[in-house]
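Naming follows writing order (A, B, C and D), and every chain is counted from residue 1.
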């Protein structure tokens, strides 16, 4: 099979670098360009010593036209609000785009000023962008040229809630999502405020009560429930590098036994190659580290009539780059699991 | 001032050893006996090298009569279900008792089989035992001879919820407590299942949906609300040694602005020497490590009409031994802060 | 290409489980049997949740004859002193053996009582066993049926020292090896003494001054130097799960500039697919985590005429299972890098 | 007893903040001024939430004259090369000075350009400055007005080596010091390059082979040995916040049994209140965390005729601020242990 040509804009960040890592061993892909801003001109493997011998290319400055011309697909992994300036030029060159940030996740342009504090400059593309959670939009993903890769928290939260919300088993209000993230979620640029000495042996919440990932979580849950869904969402930083654990609390709308709930999850994810439903144990982030897997379970608290669903992912894997590669596979009709079929590193 | 004589039963465990550490520098206390089971006959500072030069006593076997006779107060820090066999003999010797485990926390003996899987052997003492959260029961603590020290999760959860529940600002149902604990909460004996290699870079929930700390949380909240309160409670183990962060979600019963909520907390805890209300920042466990402080704040999510309260403690400090010393101070009319007035180690 | 059949004895330990993880995605291997003692009868992926969907086999009891009969190669990953009881039976069945423990690493049977406190029961096999460090014994590895996989510390230490010792650039006495290991090196069974609460935020030396890995380090260095070499070796446990960093100090025997030293390393490892010589930066364990790479560098302290060589590996990768797979590749004439050509997980 | 007035210049850094933490509960001290550069105008406890309720002063800009006038003693905790510009003005005001950085540690001004890359601007003070390791210079400390507080690595290294070098038991060449430090040693300003995501689950050496702490180590060892001593010194960053473990290798100059060596240590440190000699176990940093203790031991490798000495400290305690307070106690004729007599936090 001929290899497609892929580029990564923002390869010096953790999400971009993880995409490069996965592309470097992908059987159907050749990496063409990698870009960086501050670190442009540097060899990629100097910043990411794990890539030494795999990706020793020099990181170049962003040139959307050239990159779009040279690539079949470009991953854009920049802080939110930057990709929207580049995507039109990339698409114009016939290059498919996978945006790892938030610029094309929300269908309603009016939500950007509200949640992200910027006005969208390319709202005409929001209609065609597909939200890249395969368990929700597999078919649409297969035919789009513009893929909005889910946020790390939404990926875990939606996979935890999907079976309950789609089936109508839980109420559309009163849902609480409590998420715990590794520090790499703050990004490489975030190093300054996230020094080891103070993050270690520490845990704290942040962005309470209005983290911007709420917007896409509610958009997709409302789509699933066919009614407006609002959630409380609180993210926490815990002292680990990778991983997100989302613990979700949803008031039951009807009687549902634990066994029925588990069967609902097993049925829902029967054909999802990267979702594993746990029946007897609880998801742990370490079981997903470095991989594209999401481990999920559900329990029923009969005393309070609450479903408690828990999902674990690697925030840089299923929560960013791994998911992006899975979406690329679908967009190019590769096997969905190509380049991703390996277990997490454990312990 | 003459020093009182204090003993610690179960000094080889983390909670007991932390009590010994704090007693070792307490101005009004002399440590008389320390006991251990597996490690009896060993010098305390061999197991706890930080205590070298402070507590080089040999840990002896438990002998309730002798210890009660020799001590003004005895801290019992054993797995739940053991203290109830020792407390009557200790009290009989005229020794006051502070039980760091759960044996005397629940007023209703019938709750023990339900939540702790054992029948209580000394139910006649449940009536006189006082639940040792000073912010709730300061006066009763001052006159009791039998003190039930709160669990680590309940300490954080109750301090987070107290102002909201007592004031009636939140509803009595729909409360969700999501707690994150350091691994020392699993105890020293827990080492086997809590090896570094698998706990590190990992997070997971456990005891879902029925952790036994729910019983005392609901007992005290119901007492505060003057109506039955039920909660959903999910504990998680995160990769740190010490600390609990409790994030609490409570549906508002009435309109309440964030400023009003914060003022409610500031008023409630105005005279509490070990509760610090944060207005502009979020509690972090590291700011309490090694100390008896509880840092707490509250935010209002107006979109979903939910109060989000967050409390941080050291699980071995405010969540166990520090709290126990504070209670001892009150029981013996020492200054409430004696031996505890030092800041956390940070970073 | 037909797949060979591989079994892993001791699959419940960290070294064995890592071998299973790597074999699960190896293109030329089918996993036949996995064994465990305490956990026999359990599904492998229950203990190692990362393997769910990859290796859901039940771990069986050890039966050397059956396993040897059914397998082309068997990895034995048991505490030292156990493999020597099984290897003869395995070999007799025509099965090649890769021992991940120490039973066949020392050529001189008399060293076992001295360093390992047991007498060898199968000394007649020590002569044909090959010490599996490809950079030292590549040819012999290709033809042996009994492979002694190097210890984790020796793997890092020998790769750090090899160019210096073989070239005669350093003296044969006065060599000091200071090694820092992640806690997984203590093994899964080691959980009890290696609980998170006390290993976290801590570092300490152990087995000073006589760790049993000294024996094989001196054996191989003496072989390289063609004269008896003795080393001081001190291992330390540091608060991480995976990784070994060996910092080696060797007094120069002759003038050697830093550039000459680096060139010596580059030449020595020119054809070694899993050794990367760093010229401008220092090896860090994270750059090797989950992989089979060894990163190495050397500096010259001209003031004291000392060469300082540093090597980083994943103790479960290049220090155990990864190395074992590389050796298997050589023993079966597969490409040396088969199943191992992927970068570390970073960050 | 009247309290003396103390100020801390550079209170926003980790070393300065630790001095403030210790001064806040010191029985004979009142904190007058705390200064910061970037964070001037901020309340101290905003940056260091552990100090909330203890030190809620605003950090001011540096004004040496005013601070010197208002204070009996000033701790200067700035990057090396800054204190020398302030110290003359402080001393002129009759204020004693404790410099936590390196500006007055080296007696020979010519060493500053060589090791610190700056020319000293106040070399006339180097003669009167006393190197503040009480075990070496207790008497001189008691009478000086200018105290040079030892570096973190030298504190551990010198306490490990002192008995061996002073007694002549080891040779003056061939000494190797391999040190492992927690990340707080890189300082608060160092956050940018020391983000959690990359420091966690990682270890690496740095400043090989010429870390600037070598200069003071050799100065003091040469003073002890009464002959020039050179050392190889390699620092490493390991994934913990606090703590330094120094493992020291010294070739024996004469026969010395392990018991003799241990007795030598016990004798040497008999009257040192903050040095604990371990006979049966190995020093671990966690046993010193948050405290001023140094735990030390020695072993003899008879095979190679090498003494292996190991010392553990808290790099911010005995390695910086704790040591500084101990020196202040001596300078003001307070009990040497005033304000420091509490055990480490463990686990």
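Methods note: contacts are C-beta pairs under 8 Å (C-beta built on N, C-alpha and C of every residue); 3 or more make two chains touch, one makes a residue touch a chain.
Predicted model, so just to flag it, every value in this text is computed and none were measured.
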Reference chain A; chain at largest CA-centroid distance: D
Result of counting contacting C-beta pairs for A-D and A-B, higher pair: A-B
Chain B and chain D: spacing of chain centres that average the CA atoms, whole Å: 36
Chain centre separation in whole Å, for chain B relative to chain A (CA means): 38
Between chain A and chain D, centroid-to-centroid distance (C-alpha), Å: 46
Chain B: positions in contact with at least two other chains: 14, 182, 184, 197-198, 200-201, 239-242, 284, 286, 289, 346-347
Complex contacts: residues of chain D adjacent to chain A: 14, 182-184, 186, 188, 190-201, 239-241
In the complex, chain D residues that touch chain C: 173-174, 176, 178, 180, 182, 197-198, 200-206, 208-210, 230-232, 234, 236, 238-243, 245, 247, 249, 251, 282-286, 289, 299-301, 303-304, 306, 308, 310, 312, 346-347
Chain D-facing residues of chain B, complex: 14, 17, 21, 24-25, 46, 48-54, 184, 200-201, 241-242, 276, 278, 280-281, 284, 286-291, 293, 295, 341-347
